[in-house]
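Structures for review follow.
Shared between the two complexes below is subunit A, which has subunit B as its partner in the first and subunit C in the second.
Here is the complex of A and B:
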C-alpha cells in the first residue's frame, strides 16, 4: 500500500565565512580611452551566476548599460582578492565591494553627466574619459567590503558569528510504498528570504538545484566508507537524482530588504538545499509514522523501521 | 594502428588510430572537437553523449573503430550560423548553470524530438534520464525541451 505524507522544515543560515574569520572582498572599476568601464572582480562562477550578479550591480550603480561594462574575472594576477566562491558569500560580500567601487567612480561621473537616462552610448564614456584626464581625476577606483563577524565565546555563547542570515522553509509531499519501502518525492514548495533577489531567474535555478541535492541527500545518497576508503565512488553505486526522480518544485521569494546588502541582497547558495532533507523525513513520518534518525531513507531502512514498529 | 572512416557533423574524416581508442577521444583529441565532455568515463553520467545514426550513445563506451561508415553528430554539428532551436530554448529559460552536462542534454533532447516531435513530458524526462545534472534539478531543462518542441513545430 502506498501512503502519502506532508512535511515541513525551516532553516536559517549565515552569509559568509563567519565566527570571526576575516571575510573581505575587493573589486576595481576603471574608465578607459575606448569608452569602456572595466570592472575587475575575482568572482569565480561555477554555475552560481556570480558574474551576472556583479555585472547587474555595476550597471545599476553606474547607470551605464551592461554592454559598455567589461567584466574581468578570470585572472588572479590582474585583480584584487575577492575571497572564495564559498560560504554563500559572493552576492553579499563581493557584491558590496563592487557596489563600493562603483559608488566611488560614480561621484566623479556625476560631475560631468547628471542626466537620469542610462548611458548606452560609447561616445558619452569616451567624452567622460577625456574630462577625467583634463581634470586630472583618478581613472581607477578600488572597492572594499569586510563582513561583520565576531567569534562566539564558547563559555557564554555570546558573539555575532554571522551577519546577515538567510531564512528558508520547504514543504515536501512524499509517497511511501509500504511493501517495497521506496520513497517518491511528489512535490516541493520552497520559500526563501534571501533579501532582495538580484537575479530572479538565476535564484530560482539555485533553489531547484538545491532541492534536487537535498532530495538526493534524503533518500538516495550514501557514502559507504570502509577502513577509510570510499566503497561507492562511481555513479553506478553512488546514486544521485535523475530527471525522472525530481518532484515538481515551486519557488517563492520573500524579498525583505537587508540594509547592509548590495541593493538589499543576502546569500543564497547553501541555504538552497538545507531544509529539503528534513522536510522529506518529516513527510515520511507523516505518511507511515516512523521517525528515521539516519540518512538516507533507503528502501531497506524504511522496511526495517516498519518491521520494528510492527506494521 | 587501424584506419577508420566516419562522418562527423556532415564531414568525412579518415584517421589512423590505435584500435582501443574510444570514440570520445577520437572526437576530442583527433578531431579537436571539445564540446563533447568526459564526465565519469564509464557510461553513467551522459556528459559525453553523441548521436550515432540517430540514436544517442555515451561516446566513452564506444570504440572509435566500431563507427566505421557511421554518421556522428556532436554538439558542434547541430547549429550553423544560428543556434539550433533547442540551444535557443536552453538559453531562454536558463536551463544552464555550470554547463558541463549541457551538450549531452541538448543532444539527448535532439535525438528525442527528431524521432518524435510530439513527445510528452514523461518521454522528455525519460529521454534525458541518462544525463546527470547536479546544478539545475532538471526542471528548467525540461521546460527548455518543451519550449524547443514549440519552436520546432512552428518551423
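Here is the complex of A and C:
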C-alpha cells in the first residue's frame, strides 16, 4: 500500500563569509574608443548565473544596452579581486561593487547624455568617449563593496555575523510504498525571499536544482566509508537523482526589497537546497508515522522502521 | 596487460575459428560491463572479438512455437519489439527499465546473461519464462535451460571456445510480470527484483514460476512456492503462507548478509508489484 504525506520546512540563511571575516568585492568599468563599455569583474560562474546577473546590473545602472557592454571575468591577471563564488554572495556583494563602479561612470555620462532612452547605438558611446577625452575625464572607474559583518560576542550573543539573510520554505508531498520502503517525491513548492530577483528564469532554475540536490540528500545520497576510505566515490555507485526522480517543482518569490542590496537583491545559491531534505523527512513522518533521524531515507531504512513499528 | 587487437568477424563461423587462432580472447557484446572491467583491471584479455557486425545475432524471430532472440539484440531493440511486448510482458518491462537510454542502446541480452551479475535485470525474466540458451563452439552446439545454467554455473558457464548465440523462449499464453526495486527510477541497479509467470486454466493456476534476483549469487526460482499454488485461484498468490515462502527463500539464500533483514521483507512487496505488473493494473 502507498501512503502520501505532506511536510514543510523553513530556512533562514546568512549570506557572505560572515562572522567578521573581511568580505570585499571589486569591479571596474571603462569606456573605450570602440564605443564599448568594458566591465571587468572577477565573477567565477560555476553555474550560478553570476555573469548574467553582473551584466544585467551594469546595463540597468548605465542605461546602456547589454550588447554594448563587454564583460571580462575569470582572468585574475586582468581584474581586481571579487572574492569567491561561494557563500551565496556574488549577486549581493559583487553585484554591489558593479553597481558602485557603474554609478561612478554614470555621473559623468549624464553630463553629456541625459535622455531617458536606453543607449543602443555604438555611435553614441563613441561620441561620449570623445567628450570624455576632450574634457579630460577619467575613462576607468573602480567599484568597491564591503559587507557588514562582525563577530558575535559569545558571552552576550550580540553582533551582526551576517548581512543580509535569505528566507525560504518548502512544502513537499511524498508517496511511501509501505511494502518496499520506496519513497517518491511527488511535488515540491518552494517559496523564497531573496530580495528583488535579478533574473527570474535563472532563479527558478537555481531553485529546481536545489530541490534536486536536497532530494538526493534526503532519500539517496550516502557516503560509504570503510576503514577511512570511501567505497562509493563514483557516480555509478554514489546515487544522485535523475530526471525520472524529479517531482513537479513550483517556485514563488516574495520580492521584499533589501535596501542594502543591488536593486534590492539578495543571494539565493545555497538556500535553494536547504529546506528540501527536512521537508521530505517531515512528509515521510506525516505519511507513515516514522520519524527518521538519519539521512538518507532509503528503502532499507524505511522498510525496517515500518517493520519495527509493526505497521 | 593491454588489449592488443579488436577482431571484428562478420559471421559466426569466423568467430569460432578465431577461438583457435587467438589465445586469451574475450567476446565483446555491448561492452557496458566488459570495458569497465578492463579499465579497472578486473579482466585483462589480449584480444576482443566484437560480435557487433554479425547480423544473424541481432534478430528476433518467431520459429514455430518459440520466439528466438539473438544474443546481440540490444535492450533498446528488445524494449521496442512488438513481438516481445505481445508475448512477454515481464521481459518488455525489464528491458525498458534497464540502465539509461545510452546503456540500452549498447547493452545486449546475451551480455546481460553471460556477465552473470547477481542483480542482472533480464535473467530472472528468462528463468521464469523457461528460456533455453543456445551455446555454440566450432565443434558443437549445446542447449541448456537458463535456470540450469545458473544452478550449475561453474560447470555450465560459457567456456573460452564458446559463444552464446540465441535465447529461445516458448511462446505460451501466460501472464508475466517483473518488478525492480532500485535506489532511483532510472540508471539503477536492482536492490531486489522478481519475475513471475502464470499459466491459468479455468480460473485456476495451472503452472507458476517465480524467479528472485539480487538476493543471492545468481537469480533463482522458489520451487516449493511454485508447487504450492498449482490448482489454486489467483487470489491465493497473496496469501500469507505464499509470502512467507518468499521470505524464507531469501533468508536461506543470504542468511549472513547485512542486507538480509531488509531484503527478506522487501521481497514480499516486490513480488506483489511483479503481480500487479502481470495483471496490468493496480488490483492489490
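Just so it is clear, the second predicted complex is superposed on the first by the 311 of 311 C-alpha atoms of A that agree within 3 Å, B and C clash if a C-alpha of one lies under 4 Å from a C-alpha of the other, contacts with A are read in each partner's own complex, and residues count from 1 in each chain.
The rule is short, and it goes like this: a contact is a pair of C-beta atoms (placed from the backbone, for glycine too) under 8 Å apart; a residue touches a chain by one contact, two chains touch by 3 or more.
Values in this document were obtained by computation on a predicted structure and should not be read as measured data.
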Subunit B versus subunit C as contact partner of A:18, first or second or both or neither: neither
Partner chain(s) touched by A:275 [first = subunit B, second = subunit C, both, neither]: neither
First (subunit B), second (subunit C), both or neither touched by A:180: second
Subunit A: partner with more touched residues, subunit B or subunit C: B
Contacts of A:47 with subunit B and subunit C, given as first, second, both or neither: first
Partner chain(s) touched by A:243 [first = subunit B, second = subunit C, both, neither]: both
Touched partner set for A:201, first subunit B, second subunit C, both or neither: first
Subunit B versus subunit C as contact partner of A:267, first or second or both or neither: neither
Which superposed partner A:304 touches (first subunit B, second subunit C, both, neither): second
Touching both subunit B and subunit C, residues of subunit A: 241-244
Parts of subunit C lying in touch with subunit A, wherever the complex brings them together: 100, 181, 183-188, 191, 259, 261-262, 265-266, 268-270, 272-273
Subunit B to subunit A touching residues, read off their complex: 40, 42, 44-45, 94, 96-99, 124-126, 128-142
In the complex with subunit C, residue positions of subunit A that touch it: 177-182, 184, 220, 239, 241-245, 298-300, 303-304, 307
Touching residues on subunit A, where the partner in the complex is subunit B: 46-49, 201-202, 204-205, 208-213, 234-236, 240-244, 246, 248-249
